[in-house]
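The following blocks contain the structures, represented as structure tokens.
Look at the two complexes coming up: chain A is in both, with chain B in one and chain C in the other.
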Partner chain A sequence: MRLEVRDVSVFHKNRLGIAHANFEANEGEIIGFIGADGAGKSSLIHAIAGVIACQGEIVFDHHTYRSCKEAEPLKARIGLMPQGIGLVLYDLLTVDEHLRFFADIHDLRRDDAFEAYKMRLLQMAGLEKFKDRQAGKLSGGMMQKLSLICTLLHRPKLLVLDEPTTGVDPLSRIELWEILEEIRRSEGTICLISTAYMQEAAKMDKILLFDEQKIIAQGTSAELLKTVESLCYDPDTPCVEPCIRTLQTLYTLSPLEATSTQTPTLEALFFVNALRNGKTMPPIVLSDKKKSDFEGDVLMDAKGLTKRFGTFVANDNVDICLKKGEILGLLGANGAGKTTFIKMLLGLYPIDRGELRLLGKTIETPQDRQALKASIGYVSQHFALYNDMSVQENLLYFASMRGLSSETANERIKRYAQELGFENYLNALPPELPLGINQRFSLASALLHEPVILFLDEPTSGVDAIARAQFWELLKCLKEKWKIAILITTHYMSEAEFCDRVVLMRQGTKIADDTIEGFYAKHPKARNFEEIFLEYFR
Partner chain B sequence: MKLSIVKAYVLKELSEIVRSRLIVMVYLMPTMVLVLFGYGIRMEVTGARTLIIDYDQSHYSRLLIEKFTHSKYFTVQKELRLESEALDAIHRAQSDVVVIIPESFEKRLLHGQKIQIGVFVDAAFPMRGSTIESYVKGVVLNAASAIQERRLDRDAHTIAINQRTLFNQAMRDEDAIVPGLIGLVLLIAPAILAALLIVKEKEKGTIFNFYASALSKAEFIAAKLIPVFFLHSINIFILFLWATYWFDVPFRGSFWLYWVASELYLVISLSIGMLISIVTRTQIVAVVLTVIVTIIPGFLYSGILMPISSMVGFSRYEAHIFPVMYYNHILYDVFLVGEGLASEKTQFYLFILAFYGLFLMGLGSLILKKELR
Partner chain C sequence: MRVFWTVVARELVRFIRSWQLVLVVLYAFTMEVYIAGSGIELKPRNVAIGYVDESGGGLSQKLLHYFHEPEFLPPVAFNSQTALSQAVFDKEIVLGLIFDEDFEQDFRKNKHATLNVLLDATAASQAYTTLSYLSNIVLNFSDTAFSVELVTHKLFNENANNATFMALTELLSITTMLSVILTAVVFVKEKEDGTWDIMLLMPVNAKSIILAKSFSQVIIVMIGIVISVGFVVFGAFDTPIHGSFFAFLVLAFLYAFTGAGIGLFVAAIAKDVMQVAQLSVVIMLPLIFLSGAWTPIYAMHPWLQTLSLLSPLRYFIEGTESIFFRGTPVLELYPYFLGVFGVGSILYLIGFRKIGHLF
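Moving on, here comes the complex of A and B:
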């Protein structure tokens, strides 16, 4: 059993999905697809699963296909789990009904052997106690585990999973990997798995790195890291040649004489590849800003905030305070209550119980809030941009919403466009732009009225490594130069390291709140924040 | 096509329809449409508010007024003196029609001279206006012939109309409208449900289960359409009961013909829903599109508002393109006429319905693609 992908390109109407992909996979191998949103992972996955036509050819088990029709006879042996939490599940069916339904549509005989296999899968997924629960009422992690065992039910020989772990809590993520490990050992299944988490690369036999609709590198994790071994240095190393400097690392094209090399991570490959394509990261220079009127030190102080949706408690007694010039990271899995909390701070959800003080004032009525609107900036999870207006028009619109005069607005837009580096895109429409650019000009729209607090809800999810590094650099600049307080949610554990303080949330409650140094002091054995995070979830 | 697979899928669909309470819509909507429209559409005019100004105050003028008073189509309000006041009443929507009997009405009548009676009708709704107008003419003609008879001698007869209406003897609106509504409802409701069931999977993403599994196109279509077909087959009976028991519409034809034609028609409606679900991506668009595609022809070309035979030119061709016309012909036949299969036209129309259903179903399964677009 062997999979070969030969020169495969996928087009969505006229848009390129993936160009000239080549790779091979053998029985029992786990192949990882790593890259940002829109890098071409899903296109290749869909082509291999036979749900979209492609150019080139895919050979699986001596059967060649490039169209959906040609792939049809293989579908009984392929399992696809598309991207999106619980995407293939029916909210109103129970766990048991799902298994029965998937068994039936794959025309499986429900004999004793099947029942035994089903029970084994249920146990692996830890779902045997939830057999009668409707899928809509499962947590995100449980949904993904259910989707996975539904996909495994017909014992596919080729398993294609599109970001199965994105947005899933760390514990469920580990369990998902355990199931996969077990299945590939016992069934010899070829597993193709795409992910946005570099850390998962260690569990893969081979890694394909995706960037801008191309596979830019492939090999084992060790092989790949070797290629960039002498190209990563401490961020303060001096360098005159083309290089990219981020908060943590300096990436170069050729080895430097300097001695302070770093152990590279897979992210380095993206930076080095960008350098090879002649791209650099322009340094961010922010102009000075006049001092804000607010003199106090604590900008936001929430005490015992509680939010209920019916019987479901989304936030339970959450205390969080945010100081001037501080970046506070709010971490937790999907559904932990991060977004709900931010929405309460913004007044998008009424507060059920608790006290909220913003800029020293207690918020009781919508009028209190109205007065403070000018001091708060917000970037939502899905950048709230108008897709039919150009970047410039979007920004002008947000400026006039904030009551800025058109002169001030134009002047600030021009300045931000320069400083945040989206000058060349001012006349483009948001859907045409990379996610990283949209992210930056969403930030600009939140900064137009020069707020003193910034709430950012997962601004970096799906954005590529370089744009993410740039974004963090920008946030650091904002904090240092303008003394803005920033509350940011993210599910990239590595980003926690850039925050001053981190709050961990789980099922609507705060489980930890400390500075980064504090966390490392409490968990001396931890090598990175991911491991600290896991400590709290075990 | 493996029946066990289809069965599993159908069971899943049914439990989803029941658990999502969509089942309520399946059975409430047709009934609601029938009841709302059944009472809402009124073509006949009774009790038009009538103002009569009698400048003559004679024996004959009172005889004319009496004819109005005794007609169920008119409610005589009061006899005003001033023309301007009467017109004012129409303006204020307090009266529908004003009749002015001139001075020397009786005198000129007795002398055999020409007389003009003034009639003002509120024609803000043209249909209602022209109906009132023709009723007024009828009453005046009737009075004229009565006067004529009395004035000449008892034996001299003028022309008398002896009319009988067929099929809807009482000329009830219900009899004319309710069967047509069944044709409308059975076109809209199943199409919406069918479109929803497929688009729902697209919108949610569960359509991948179809794309990525060995499930064949025929199995998928069957699994989606069979539940809708059976659920709405029950509506065929429910609508029949509403029509015959609640609205007292007579049923003169064969129930079998009604049933078979309705099931064929259901297949057409399902296929329309399926075609719509192929081109749409979200449930809301699917519903709106289905409503537009089905309600307009369902109303205009069904023969509810105007008979197809009175259409000319392009509208006539359009009417023949939509399936509603053929089904409604059979409906009106089984409810009001009762000729049934003895009529060649009915046989032919039944054949057209079957062909139409097969054609749409074939087209749908041809253009439904088992791949991402």
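Moving on, here comes the complex of A and C:
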């Protein structure tokens, strides 16, 4: 059993999906596809799964195909899980009904062997207790596990997974990986997996690096890391040549004569590749701002906030406070109640119990909120913007709704466009833009009225490594220059390190609240924040 | 006030940018109205006739002579009754006439002859009007002792032109449909795109947003009505208007707001555009059924007649008919204005409050 991809190119109408891809995979291997959004991973994945036509040829198990029709005889041995949480599931069917449904559409005989295999999958996914729960009521992580075992039900020999772990919390991610490890060992399945998490890529047998519709490098994690070993330095290293400086690392094109304490990660490959293509990260310079009227130190103080949906308690007695000039990270698994908490702070959900003070005022009535709306900025999970208006029009509209005069609005839009680096995109429509640009311009729309508190709900999900590094640099700048308080949720554990303080949530309750230094002091053995996080959830 | 106009302008720009939607609305207000006016025909037209003539000709041929275009196609002769029945069954023939052997003899001798008619009554009303044509033709032949001649005076729609009435009714139904759906979609789009939360977080009075959004859609519907009346009702069908056009516009404006109110209600319940479509149909069909658009109100069951008082479309249709066909003076139109305004403001208030709860 062997997969060969020879010179495969995919076109979506006239737009190039992926050009001249070549690689091979042997029985039981896990191949990782890493790269930014729109780099061509999904195009190649769909071509290999035989759901879109391609040029070149794909050979699996001595059978060559390049179109859906030619791949048809192989479909019984291929399993595809498309991108997006719960996309292959039906909200109203239970876990068990899903398994029976997928067995039926693959025309599997439901004999004892099948039942035994099904039970094994359920146990691996930890879903055996939830057999009768409807899929719509599962958490994001459980949905992904269910999707995976549904895809595994017909024992495919080639498993193709498109970003199965995006938007899934670290714990569920580890469980998904355990299932995959087990399957490839016992069934000898070839697994192709695209991912946005570099730590996962390190576990794979071979990594393909995608950038701008091409595979720019492939090899084992160790081989790839070797190529950038001498190009990563501490962030305060002086450098005059082209380089990219992020909060943690300085990336260069050629080795410097400085010592480095950095252990390179796969992310370095993207920065170095960007440098090779002549791209640099423009430094972020924010202009000064007049001091805010609010003099106190604690901007937000929540005591015992509780939110119930029917009998389900989404937030139970959560106390969190946020100080001026502080970045507070809110971390937890899917469904731990992070978004619910932010929505309560914003007044999008009524508070069932507890007390909330914003800027020193207790919030009791909608009128209290109305007055505070001018001091709060919010970026939601999906960068909610009006897709049929250009960037400029979006910003003007928001400014006008905020009651800014058109001169002030125009002046601020111009300034943010320069400072946040989306000047060239002002006349484009949001759907045409890369996610990283949309992210910055949603931030600009949240900053137009110069708030003193920012709430950011997963602003970095699905954004590529470089854009994320820039985003964090920007947040740091906002914090230092403007003393804005920022509450942010994220699934990237590496980003927790940039926060001043981190709150961990599990099943609606707060389980830890400390500074980053505090966490490391309590867990001296931990090498990174992901390990600390897992300590709490194991 | 600035916020109000910003939102109105934004919604209008968004509408114009989505050219598919513009096309659909234009189509509904022009072609759809035109097709309803010219396409729905209750008079017989191109009816296929077959006959079996065993009487030997003469009278039968004379009779057949009266069936001419455009109402009827040239009659086709069949050899046997079975062949004719088969043709009717195969939908080749709609009206089959059987002239017996004794047909002419009976007519001449006894003055009482029987003509057997096979009629495909699938399209019932067409079939019955065809039948009444046939009776009229046959009546011309018989000398009846009973001689009363009818002299009809057609009032209000002198040519008894079905097109103008159908077109106008269709226009009113389309107004209902679009004012409901467009308004609902404007709100539900925000839910779908996730911009709803952003909208809620603006330091803006929720009432002015709701009003502005529904007002923008009312403007679109009003423009559609003016285009439709100008090009189709006046242009294509040459409908006379005896009353005040301005009064019609005011009535339409009030009515469009009523529709927007129902739209608000739908938007408060629906989660996505798909549900808007489903819900709108469920809510609008009874409104249209009960309005007298399809069946005159006096022909309904007494219960339904009472219920129809609740349909704002009823007042709109009756008011519009009075303005166009009867030329009722403006001041005498007050029941219709009161009706649309009364039922309309209740519906708008319900919708407004329902969606206001979400803010």
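Just so it is clear, the second predicted complex is superposed on the first by the 536 of 538 C-alpha atoms of A that agree within 3 Å, B and C clash if a C-alpha of one lies under 4 Å from a C-alpha of the other, contacts with A are read in each partner's own complex, and residues count from 1 in each chain.
The definition used in the following text is that a residue touches a chain if its C-beta (ideal position, glycine included) is under 8 Å from a C-beta of that chain, and two chains touch if they have at least 3 such contacts.
Computed from a prediction, not measured in an experiment: that's the story for all the values here.
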item: Side-by-side fit of chain B and chain C on chain A, or clash; value: clash
item: Touched partner set for A:A512, first chain B, second chain C, both or neither; value: neither
item: Which superposed partner A:L346 touches (first chain B, second chain C, both, neither); value: second
item: Contacts of A:S380 with chain B and chain C, given as first, second, both or neither; value: second
item: Which superposed partner A:I52 touches (first chain B, second chain C, both, neither); value: first
item: Touching partner for A:L171 - first (chain B), second (chain C), both, neither; value: neither
item: Contacts of A:L253 with chain B and chain C, given as first, second, both or neither; value: neither
item: Touched partner set for A:M401, first chain B, second chain C, both or neither; value: second
item: Touching partner for A:I78 - first (chain B), second (chain C), both, neither; value: first
item: When the two complexes are fitted on chain A, the stretch of chain C hitting chain B, from 6-14, 24-32 or 42-50; value: 42-50
item: Footprint overlap on chain A, where chain B in one structure and chain C in the other make contact; value: none
item: Chain A to chain C touching residues, read off their complex; value: 343, 346-348, 370-371, 373-374, 376, 378, 380-382, 384-389, 393, 397-398, 400-403
item: Chain A-facing residues of chain C, complex; value: 2-3, 6-7, 10, 13-14, 17-18, 193-198, 200-204
item: Touching residues on chain B, where the partner in the complex is chain A; value: 2, 4-5, 7-9, 12, 15-16, 19-20, 204-206, 208-209, 211-215, 369-372
item: Chain B contact footprint on chain A (complex, rising order); value: 46, 49-53, 68, 72, 75-76, 78-80, 82, 84, 87-93, 97, 100-102, 104-107
